[in-house]
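Think of it as A, B, C and D in the order they're written, each chain with its own count starting at 1.
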């Protein structure tokens, strides 16, 4: 992947007066679904606004597939951004909204009509397209925003909590949509608070806190980077005691606690790969293993380890 | 500018025009501008009927103008009655006063068929005399000129432009909807130009329409002959010049408030300051007067307005008479000023950031 | 035991549009999840229970009190945490919650005491003298919760309580919901789009669709494990593994980056799978029987 | 030792009677108003003129003082209907300003962040909400209008003696009724308009504007069309007319008493309608 095909931030910082937005961020984001994860005020929004030129970096350089955000006339043929602002120009219907802004791209009225129709269909709002946005429900507003961001068929999508307020059905559809775009080789940069979803959808995650990037890459990769927390594996089996003793023979196993209800065992290991390999063999001699599952190889635990459950009242 | 940029410009204008005309915010602007139109229309309907009515009354009990003017304050109502005969309308009522007593109040109305006289009585003596003569065209034009200067330019157009043009940027920052514009492949300058033109178009339509309607409403009650005679005189005012002034006012004030909307978190403050400056203009020394938009606008107004009658005397003393600028001069100054402000805003717009939260 | 919410042929319409169509059910769980796609009528149902919008026909009872005849009684018993931002920016949390308490009929002193108590309880202890306008989204949610429980309601209605919260705040909210349920003092009605939250907290779920009840069930009984479907996640070589499994009689389908779903033949021992894995020296990162998640239940209900 | 785990506790205390709930709103309303120093000072400042009047009443009955400055007592204006008519005009105007400041402070914060559902999800009705809010305004305005007016009346009668008081009881009733009507109208206008404008300053400006605009337009109609009906849309004129009758002071107003009353009633009805439209648990968008 050459950098001209990536979103690159080189040592970017942004301060609002004395307030820190983001600090010394250096990233190179390849196409695919990338999730921004972090507590409120961690700089996710600043980062997205920087990528789309809504705010300018105090210093550092940003390139979106080689284009500088300070050149809107070039950038926005390539980029679509669905912000977190839940507000719209007054008095427009969903369709008028999409269509009139498409005209800004220099499309003929015919093309803009067609594109608008397509975008609205993609988010499944066709039947509500001619109602005033003011009368939309939260979910519909969320979707019309999405439609507005994708209407001009951009290669780079920046989406701020796009799933927020969507009902489970639409959620599933939208996630499928992201997947498809990613497979078409587009950038889909998504911020989300719902970690188990991040787990499912994203190719890579960027963890932010306090304006700093604390982790970046594929979840599994990130997890293995965190040495101070040994991998946890949850095993349900008929005779946890026996299994525990067998497991302890391996030096990379840190601990093995039998679950309170005695239905299984929680193993901490420093070398997951070796552990799983050996587990195959353990399973073959007379221990009935019901189920195996990594207990903390997911965004949630990575989040817990790197950012932790900070106090809400801050 | 290439074709696609033109397309963008028109797209912006289209959307903005739509918004400016039909947004809830601009409702009060319509009220502001329509008020004088209503006033003139109402008057044009009312005045002729009134004249007709007086004429009809005169047929029954005609009273000579001389007798009417002969009545003075302090005469008793019996005297009035014997000099003028029965009034065509009278009404008496009692107003309570100190010590349980009452004032016998009332009025008699007479007419000679043209002028209408109302004699107000207090305890049987003439307290006040109201005389209203038929309206004349020059008179009404003077009223128009006065309203145009003191109300229309100073308040309606001024606040109208505040409403329309600050709305273009600041209003949308408050609505948190400006980012949609900045997320399109449009140069900031083109965005600014588009918004300004849209606002200008809207303002021009609203205000010139209002001025023209006022004018029409005013002429309406007079027959063609009188109107023709009046305009035969070259010195008489012409609608076009008023419309021209209105347009220039929109352009100049528009650019100012567009810029204010870009720069200030709360454009009401600068608007208030400018309003003060503009209304103080009359009383400023000549040199300073030349620094106010209103000065040039008024230089272009064809008819000198009647000095505001209900202005307290000490104030009228303060008015410093300045020779108005020549039309061409005023025109050039206004246009250059507008362009200057616009260019400045264009430069600023490049620095524009979306940061609603701290706004 | 007395039902918490009792809907008796409840109809609600705005003008021509029928929002709720003859709902008839008696809910009596400790904590009930209210689910449904957008426009299913969840909010309208809540609004009707609170008496915000009138029922066009039929009625509803809350803890045995008719929502129309005894509206005030009902509103004394109910605590409501609305979905949207709802606060008074220039009041401090304490006086805000106190005022709301007093409006619900608490005496001045009691309200003040309760205000501090609940603010501590929801975790705004340190911030309780600050103006609500300065609060972050997470804190605002908590303040909304505080005002909803200050008067000790018997039924607490939560509309999207975790919406837009960051992970820390969300975990806290879930913890609070659990704790309030366990306190045994109140019933809860939780309305949310995040199935995961409902799954973590609720015992029963009520699913609406286009103004009708399409499903009402107890989650435990629905979540039976099926001994024939297994989920597998491997680390490393994929395709070969799938073939190998089919070879030993499992219908196996790959779900991308190492995830598989497999249907086991009768009388099958999981060991076999480990044997295959061992043979290929492949790591089985995950291997477990598949249980119906709330998502499955929801999706099924939608097909009705 | 005992461990007290901090968990949710139920409330099983007494409950206040339902009718008294609107007083809660009033109480917190006052807190909100006097939280703002400016308003507090302003409402104090509104008592300046009454103080001057009090001083005048006292001094004008103090022979030695009059002698000192050799002011002929009989030339001084009497404390009569005229005196209180002008008192009403001054305090009425101040009351109007105070409404423009206070009205928005009371109502707009409730709409700004959608607090309405919180009020109405409680045993608390829309009528009670309005009652709670308007009572704040009424009390505040009373404190600067008819109450000091009565005090002045009391001072005067304490000096002049029993006969004067019995002879002038109509003045007392005029002070109360005349000013009370006015502040009711003001409060309704203040609430209704502030409820419809989210932005505090805007709301205040609107309250001020409505009356000024009415006055201006009324004057324009009168001067252009040479009638007196323009005065009917000028609320201040309307009030002055009513007062001129109540205080038995002939200002030469041409407006008839009945039409004045009708105008006031219509205004109140419109305001109540506006309030009914806006004060709702949630906004219904078509």
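Rule of thumb we're sticking to: contacts are C-beta pairs under 8 Å (C-beta built on N, C-alpha and C of every residue); 3 or more make two chains touch, one makes a residue touch a chain.
Only a predicted model underlies this, so the values are computations on that prediction, with no experimental measurement involved.
With centres computed as the average of Cα coordinates, no chain lies farther from chain C than B. Interface comparison, B-D against A-C: more C-beta pairs in contact at A-C. Here the CA centre of chain B is 32 Å from the CA centre of chain D.
Measuring from the averaged C-alpha position of chain B to that of chain C gives a distance of 60 Å.
Centre-to-centre separation of chain A and chain C, using mean CA positions: 23 Å. Put simply, the C-alpha centre of chain C and that of chain D have 49 angstrom between them.
The touching residues of chain D, counted against chain B in their complex, run 80-82, 201, 217, 220-221, 224-226, 244-245, 248-250, 252, 256. Residues of chain B that touch chain D in their complex: 35-36, 39-40, 42-43, 46-47, 93, 95-98, 103, 105, 116, 120, 122, 127-128, 130, 132, 143, 147, 268.
Per the touch definition, chain A reaches chain C in the complex via residues 37-41, 137-140, 161, 164-171, 193-196, 236, 272-273, 276-277, 279-281, 283-284, 288-294, 297, 300, 303, 308-314.
By the touch criterion stated above, chain D contacts chain C in their complex at residues 6-16, 18, 21, 24-25, 28, 31-32, 35, 109-110, 112-115, 117-124, 281-282, 284. Every residue of chain B that touches chain A in the complex is listed here, in rising order: 4-5, 7-8, 11-12, 14-15, 19, 22-24, 172, 175-177, 179-188, 353-356, 358.
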